[in-house]
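In structure tokens below, several structures.
The two complexes that follow have subunit A in common; it is paired with subunit B in the first and with subunit C in the second.
Take a look at the complex of A and B:
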């Protein structure tokens, strides 16, 4: 019996070996390189990175933009997932197409479309002026708000789909049972519905947040060089400045944040899974 | 249903419809701009024309990039489907420690910063003396596509009844044949979903590819960004509209064969 089980386990070897060599090993080598200097192991690159106010501002901006993007996407996604789980026929098709079709429009063109919309003479400004909300065009392109809106647009399907998957499988009878026992809508939501859907929220938020901290194309097209993010600093140090130690250090910082998000979210998911 | 429930339901529908409009907006902008007569992106277009579709014929650089990206997406997705099937069977059926950790590890590239993976691969390939840009890109793109495949296949195999495989074996099928003839057809929606998402992720990848390209091997997103910086005319919109049409065809095919909901949910 144990021989057969071992044979099944062997099937994982090609895929895992591939990821170990072509993914984990290069990342470990990058981490090693960031603490290796001519004089041996040293954290001087990190000290230099964190001592610079500019880098701290970029780091905080990256985290803030990612958090706001995740929040905006969640506000849009959560009610939508519930509506989708109840929708039938042509309505369901409309929602599903809206989730998947935009993925066929590459992120480059999508971000560019948003940069057109946000221009001073762009569609949004013309609409605002036409409605009479503003007389002069509002400066939108190159602002953090524009970046958050554009990023939320790109990542929204990745927030909706995990929540939709959980909501669809949720036992509808539970909130109804709570209602029949006299629980009000707010009590039902916070004590029954929300805890049941939390695993989907955690999965979607972790995914959106980790994509938003490392996005590169979207900020390059919507905010440009004026407001750098960590990814833009990495690209600049490798592709333009040719400063590999600096690039490796920033990469290691970003990698650290990403690994933390992966570990923390899977821990949270397991805890939620164990509770329910 | 109470008054409050009704208000919540109405608000949810408003948000959901807003969501659809928000998601479709870039597609409308792109398609509208592709039929514009103006060489700059103005909306609504002053006059309609097909000139940017005609001009695509002369953009040979763009076509090379399309072919390279389709090639990379197809080959890396197929390899990932094979590796992913094997690994998912092992994680679902195996009885060994650390299966959770293996699943987390195999899906983790989805959440790693693309630029960092790209830099790490660049330095690694340089170290081992790999210079061929196509091979480097392909190896990198498998890292992009494999986690998409693993995520969907792991979820659907957890719900698959493996006694069907045992039954096929009792009837005299070999194990590989039973997998191909019984497991794969039963999980067709999962294969379609994971294949589609993996393919699109590879087609759209910029951050890993940018470090692995050379002058002759430029993938579509890289070429498009370069093109936008050099001459931002609507021929890109025309080309993207063509790709959207292609996606519509795939979605219609998927909806007809397995149903849209099963296709998207695996």
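Take a look at the complex of A and C:
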């Protein structure tokens, strides 16, 4: 390589500038706010945040909900991606539209739709009562389970599409080769199919988890104020409490988790990729 | 399970009455096929004739609509692929990209429940057999085509299969390497007494590697015979054309004398052994190396359209009236032939192939 500037690289300049101004700068300002206190630069806000049991509970709940959402989305997405990879012509279009269209609907609409489904006189409860499984309506709307189920549904496409991309690329002869070498369905799945599709699983999980830890609209509509998540705490700090340092601090914590997830997953994907 | 156990596990395969349709299109019906123990057999035919389909039905990777597969006296028709003990070498080798060379070879043993520690010795032996020992710990992506194929063969053999199936195993290799691999693989299989079926669309390859060849066309086996019979006595015009070159001359039977017919052709009257009645259309064929310069039992005169001195042989292309061409191969370098020259060519009646064809 000579010292010449790669002219193609120049094409990235507007994009990078945009990201710097619109994205990085405000984030840096936010971070700055979290360590600027009356006594100068200090981490006292962080200490205060982590000292409060309530905050820890919210943090743990956020992580737990995100993890369960990711897991549930994965359970539904994995087989779906395989069916999709086998679909041809019009069926493939149907699948792709079914995946992409809800994304364009917006989260608010979907979360409302879910809350209709889950509420006391909603579809699920009426069905359960009609079948006779319950006498009285079961409380579903303001529970963590409803949140996880709703969130997994909203984020499903982000889990399906990366797995679908990997499954589609997989050589169909590989499971066949495994079978002809004496590998039964279980051995085949755990030693061929799963390892080869793991990069897609990692990517999809990283997407879903990062979105699930920062979701705001879905928990607001499905569980409400009763069970706060980090994003709801942030919104409350900024909008109601007008406590910018607190809001900034929680944002920084959330950002830290997101960065960890991204870095860890790309490390994992690289490690898996290096083997294949 | 190890390779060194001199093992007469290779048994005898029968596939009968095999039929298969894909979405209503019949690609194979009532196909019968039998391989003896220790035999190397080729399925030879043009692309799309059903070679892979038959191979996959035998391997259990595809279910036939009708028919049975019996291997070593066991009816395996309803067995899933992993219970058949039939190894397959795929066209693209299908090595597992997430495993090293040694792990690939160990796969079949591990699938059979052999502990990881116990796979070391048989894997090392299989790799040395295909001269890939030094690559044991490499990822497979870094290997050349020939090396990948060696690994695929080692992986297929290490489990001690009752039958080895190879779907166009050499087609991805360049010509020189292909010839080397053919020789290597053939002696490997013969030494171990392994029963194997090769799929190929290359006539020379089939003749080189196998004891017997099944020539397939449109889902049927046209002829199943040893290479010399196939070449010298092709059962159908399709086999004649697919296995080697020949001069084709179409004519009409004018008379018969015992088993010998005389046919009127663009090259004049020609004789052949045939059961075709007088008045029937016949296709006559002669292998190029059986044609001599000078008169014979069948004699034609022809104008030389081309002369090619190829070293090991000299090829003469002759024309007569119409579009029929005659192809004559003389061994070694021959001089004294020139384009446009009038020559007389001859061959024996018994070297004339004859087929009754629709008028």
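Here, the second predicted complex is superposed on the first by the 269 of 276 C-alpha atoms of A that agree within 3 Å, B and C clash if a C-alpha of one lies under 4 Å from a C-alpha of the other, contacts with A are read in each partner's own complex, and residues count from 1 in each chain.
Just so we're on the same page, a contact is a pair of C-beta atoms (placed from the backbone, for glycine too) under 8 Å apart; a residue touches a chain by one contact, two chains touch by 3 or more.
Computed from a predicted structure; not experimentally measured.
**Q** Touching A:69 in the superposition: subunit B (first), subunit C (second), both, neither?
**A** neither
**Q** So in the superposed three-chain picture, is A:85 touching just subunit B, just subunit C, both, or none of them (first/second/both/neither)?
**A** Neither partner.
**Q** Answer with first, second, both or neither: which of subunit B and subunit C does A:208 touch in the superposed model?
**A** Neither: A:208 stays clear of subunit B and subunit C.
**Q** Is A:156 in contact with subunit B, with subunit C, with both, or with neither (first, second, both, neither)?
**A** first
**Q** For the overlaid complexes, name the partner, subunit B or subunit C, with more touching residues on subunit A.
**A** On the superposition, B touches more of the residues of subunit A.
**Q** If we overlay the two complexes on their shared chain A, which of subunit B and subunit C does A:176 touch? Say first, second, both or neither.
**A** second
**Q** Does subunit B (first) or subunit C (second) touch A:192, or do both, or does neither?
**A** second
**Q** Which residues of subunit A are in contact with subunit B in one complex and with subunit C in the other?
**A** Subunit A residues touching both partners: 184.
**Q** Over in the complex, which subunit B residues touch subunit A? Could you list them?
**A** 2, 4-5, 8, 11-13, 15-16, 18-20, 22-27, 29-30, 33, 41, 43, 83-84, 86-87, 89-91, 93-96, 100, 102, 104-106, 108-117, 119-121, 123-124, 127, 139-140, 142-143, 146, 150, 196-197, 200, 203-204, 206-207, 210-211, 220-221, 224-225, 228, 232, 236-237, 240, 243-244, 246-248, 251, 255, 260-261, 264-265
**Q** Spell out the part of subunit A that touches subunit C in their complex, as residue ranges.
**A** Touching subunit C from subunit A are residues 171, 173-174, 176-184, 187-188, 191-192, 195-196, 272, 275-276.
**Q** Can you tell me which positions in subunit C touch subunit A when the two form their complex?
**A** Subunit C reaches subunit A through residues 59-61, 80-88, 90, 92, 94-99, 107-108, 110-112, 139, 141, 155-156, 159, 165.
**Q** Would you pull the subunit A residues touching subunit B in the complex into a rising list?
**A** Spelled out, the residues of subunit A in touch with subunit B are 5, 8-16, 18-19, 22-27, 29-30, 33, 75-77, 79-80, 82-84, 92-110, 112-114, 116-117, 122-123, 153, 156-157, 160-161, 164-165, 168, 184-186, 206-207, 210-211, 213-214, 216-217, 220-221, 231, 234-235, 238-239, 247-248, 251, 254-255, 258-259, 261-262, 266, 270.
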